[in-house]
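Letters A, B and C mark the chains as written, and numbering starts fresh at 1 in each.
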Amino acid sequence: MVNVENEVSAVPQDAAPPFALVRGEAFNTLPRDLYIPPDALEVFLETFEGPLDLLLYLIKRQNLEILDISVAEITRQYMVYIELMKGLQLELVAEYLVMAAMLAEIKSRMLLPRPPGVAEGEEGDPRAELIRRLQEYERYKRAATDVEALPQLGRDIFTVSAERPDTQVMRLAPQVSLHEVLLALKDVLTRAEMFSHHHVQREALSVRERMSNILSAVNADNFTEFTTLFTVEEGRQGVVVTLLAVLELIKESLLELIQTDTFSPIYVKVPRQSIQGVSDEFATT
Amino acid sequence: MNSQQLKNIIEAALLAADHPLSVDQLAVLFMPAHPEQSTEDAAPTRDELRQALSVLQQECESRGIELKEVSSGYRFQVKQALAPWISRLWEERAPRYSRALLETLALIAYRQPITRAEIEDIRGVAVSSNIIKTLQEREWVRVLGHREVPGRPALYGTTREFLDFFSLKGLGDLPTLAEISSLDGIPTQMHLNQSEINPMSDNNSPDSNPGSNIVQLYPAANDTKADTNEASAHG
Amino acid sequence: MNSQQLKNIIEAALLAADHPLSVDQLAVLFMPAHPEQSTEDAAPTRDELRQALSVLQQECESRGIELKEVSSGYRFQVKQALAPWISRLWEERAPRYSRALLETLALIAYRQPITRAEIEDIRGVAVSSNIIKTLQEREWVRVLGHREVPGRPALYGTTREFLDFFSLKGLGDLPTLAEISSLDGIPTQMHLNQSEINPMSDNNSPDSNPGSNIVQLYPAANDTKADTNEASAHG
């Protein structure tokens, strides 16, 4: 017998330990139908993925179809393996014992005489549920093999890549919807209770737009002729808006009106100090 | 932009990206960076992009790489016939996966959405948490939702990364589940086989259960499904 | 091994490796795996390898990549001329604008010309310099002039770019305050663009809309369960 002391050293036996213990009795010879090299037995037993896997192995070893299994014979062989696993102190998960109980129950039902008057099929084959489970497991066991055979990245398939060109990560500016801006305004105006005071009105808005336009059109170095600020095509209303804008700008000291003589052309210009302010600001930053 | 330049940009993009690129992702490369900014060149249409991809695919016939469409888009890969030489670039062999992991993965792939208890039911043994964790870390499997039963167990499904890893365009490309002969006189079992042997066949009927969800999760799978079924019906 | 296959293996190897390969490193790929084992094909000589590299180099003229020799060997790289398109693979969308920024922008739009102090007055909190700077960099806001008061504060107004971005012909197109006060919080279509524009944001990823998938999963999942239960009840 091959030396298996190392594998079974956990078995609390002294000199010449038996191969395994079955129901308390020393188990010194392997079952005749187990032709696995003994030193590989433990590894072998551990490869089973559970009771269904072990049963499928036993069925295949007998060259049987799942449908043709003899429950009595399969149960006998199954129990031998269970005892072997116990003897080797493999971690025997509960599922193996549950299956043993199920096999025993099927076996006993197969032995019971069918009650008279009950036609075959009504009671059903006691093996049906076991066969269904074996078939179901077999199906996915094969599927697992099929999946493993698919081309795998790093084993059969190698991805390729080329060196990236010199580039900086482009950072895109966030998207904003007008709706978001308006909601923000609603919030801030609600907070400031601006709605009730009618500080901001549509009319004021177009005057303010015009104020911005005028401010961008004029500068401190040159005089701009007052009349060029008006666009005849805008009609009476446009002229009024521009005039209001100019007056507001003058009130806020953002613009000055210059007329050298009576009836001579009126010019507008940004006050000199204002521009001075710009250069000051740039100088300090 | 002429077709030569379009083709070259696509080739360069697929080789520079570290993951497959879909036609939509390729299209973005040609869109103006800022919506308000217009370009002189009109961006290529989806059809023009597909046309260029097809030309690239043909040109690869005489090359060492091939252009392959997988679930999340197109990628260049080494031709499988050259693997014996190319694999020598790396000293380490690709990892082998345990049977327990592969069986769990297969059950999730073919039976999704599926709970751990259902996997354990079919395999006949407990599924170790490590296996689920490994599958999730590899990004092959993810939680799709929870079954509304006590304990709210997680429902698992596969990801695009899973499909990409195994060079599949969709779940319909998975190998067909084996037909197992049925036992006469066991009607329930027949019924079970018919409805559950091949989850892929369910996809044709819009209201059937697991398949229709999978179609929605993986739109790409939908395209190939009809072909696959037809092919396997003939084969 | 003919020169075509030799060239293809070199092409595949250079593209599969994540670093440049020297001629010596390429030569290793063709050496017999076991010294005692002889191959029918003689391994290519260094000259044959260099010859194949030179052919590959020429063939790249019409492609999107080029074969470059760097200090540690040969590598394929994307042609620099294609960088404007390829670099968009890595572009990222900056985080959303803060509420403070949007409020500031809105006040400048409706109350221009306006100083920072006036904005702070209405908002009730200080306006950070960063906000003004961001708005100026985006070219939505500019300095129109300075108010003639101590400190000569800048007067801010909106720009033509601001109007263009929001598709306004003029400030008069902005809704009136009465219209604004009846606004509800339902966001409009424009944010959708955000996810479509970035090529790296994976629109196809099933994760992008987990909610809707889960809703659809539940009824189906329950159906599956019902089938299973029925089947096992009969079995």
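Throughout what follows, a residue touches a chain if its C-beta (ideal position, glycine included) is under 8 Å from a C-beta of that chain, and two chains touch if they have at least 3 such contacts.
Just so you know, these numbers come straight off a predicted model, no measurement behind them.
Enquirer: Which of the two pairs, A-C or A-B, is linked by more C-beta contacts?
Expert: More C-beta contacts join the chains of A-C.
Enquirer: Tell me which chain's centre, taken as the mean of its C-alpha atoms, is farthest from chain B.
Expert: C
Enquirer: So, what's the distance in Å between the C-alpha centres of chain C and chain B?
Expert: Centres of chain B and chain C (C-alpha means) sit 24 Å apart.
Enquirer: Just the number, please: Cα centre separation of chain A and chain C in whole Å.
Expert: 19
Enquirer: Round to the nearest whole Å and give the separation of the Cα centres of chain A and chain B.
Expert: So the centre of chain A lies 15 Å away from the centre of chain B.
Enquirer: Show the residues in chain C shared as contacts by 2 or more other chains, in ascending order.
Expert: 12, 15-16, 65, 76, 78-79, 82, 86, 88, 91, 165, 193, 197-198, 235
Enquirer: What positions in chain A touch 2 or more of the other chains?
Expert: Each of 128, 132, 158-162, 164-165, 170, 172-173 in chain A touches at least two other chains.
Enquirer: Can you list the chain B residues touching chain A in their complex?
Expert: Contact set of chain B toward chain A: 12, 15-18, 33-34, 65, 75-78, 80, 83, 86-87, 93-94, 97, 99-100, 102-103, 105-107, 109-110, 122-126, 164-168, 174-175, 177-178, 180-183, 185-186, 188-189, 192-193, 197.
Enquirer: So in the complex, the part of chain A that touches chain C is made up of which residues?
Expert: 128-129, 132, 158-192, 194-195, 200-202, 205-206, 208-209, 211-212, 215-216, 252-254, 270-271, 273-278, 280-281
Enquirer: Show which residues of chain C lie in contact with chain B when the two form their complex.
Expert: Within the complex, chain C touches chain B at residues 4, 7-13, 15-17, 28-30, 33, 62-65, 76, 78-79, 82, 85-86, 88-89, 91, 161, 164-165, 193, 197-200, 202-207, 213-214, 216-218, 220-225, 227-228, 231, 234-235.
Enquirer: Using the touch definition from the top, list the residues of chain B that touch chain C in their complex.
Expert: 4, 7-13, 15-17, 21-22, 24-25, 28-31, 33, 35-36, 62-65, 72, 76, 78-79, 82, 85-86, 88-89, 113, 118, 142, 144-145, 147-149, 155, 159-160, 186-189, 191-192, 195-196, 209-210, 212-213, 216-220
Enquirer: Over in the complex, which chain A residues touch chain B? Could you list them?
Expert: Those in contact with chain B are residues 47, 49-53, 65-67, 93, 95, 99, 120-121, 124-125, 127-128, 131-133, 135-162, 164-165, 170, 172-173.
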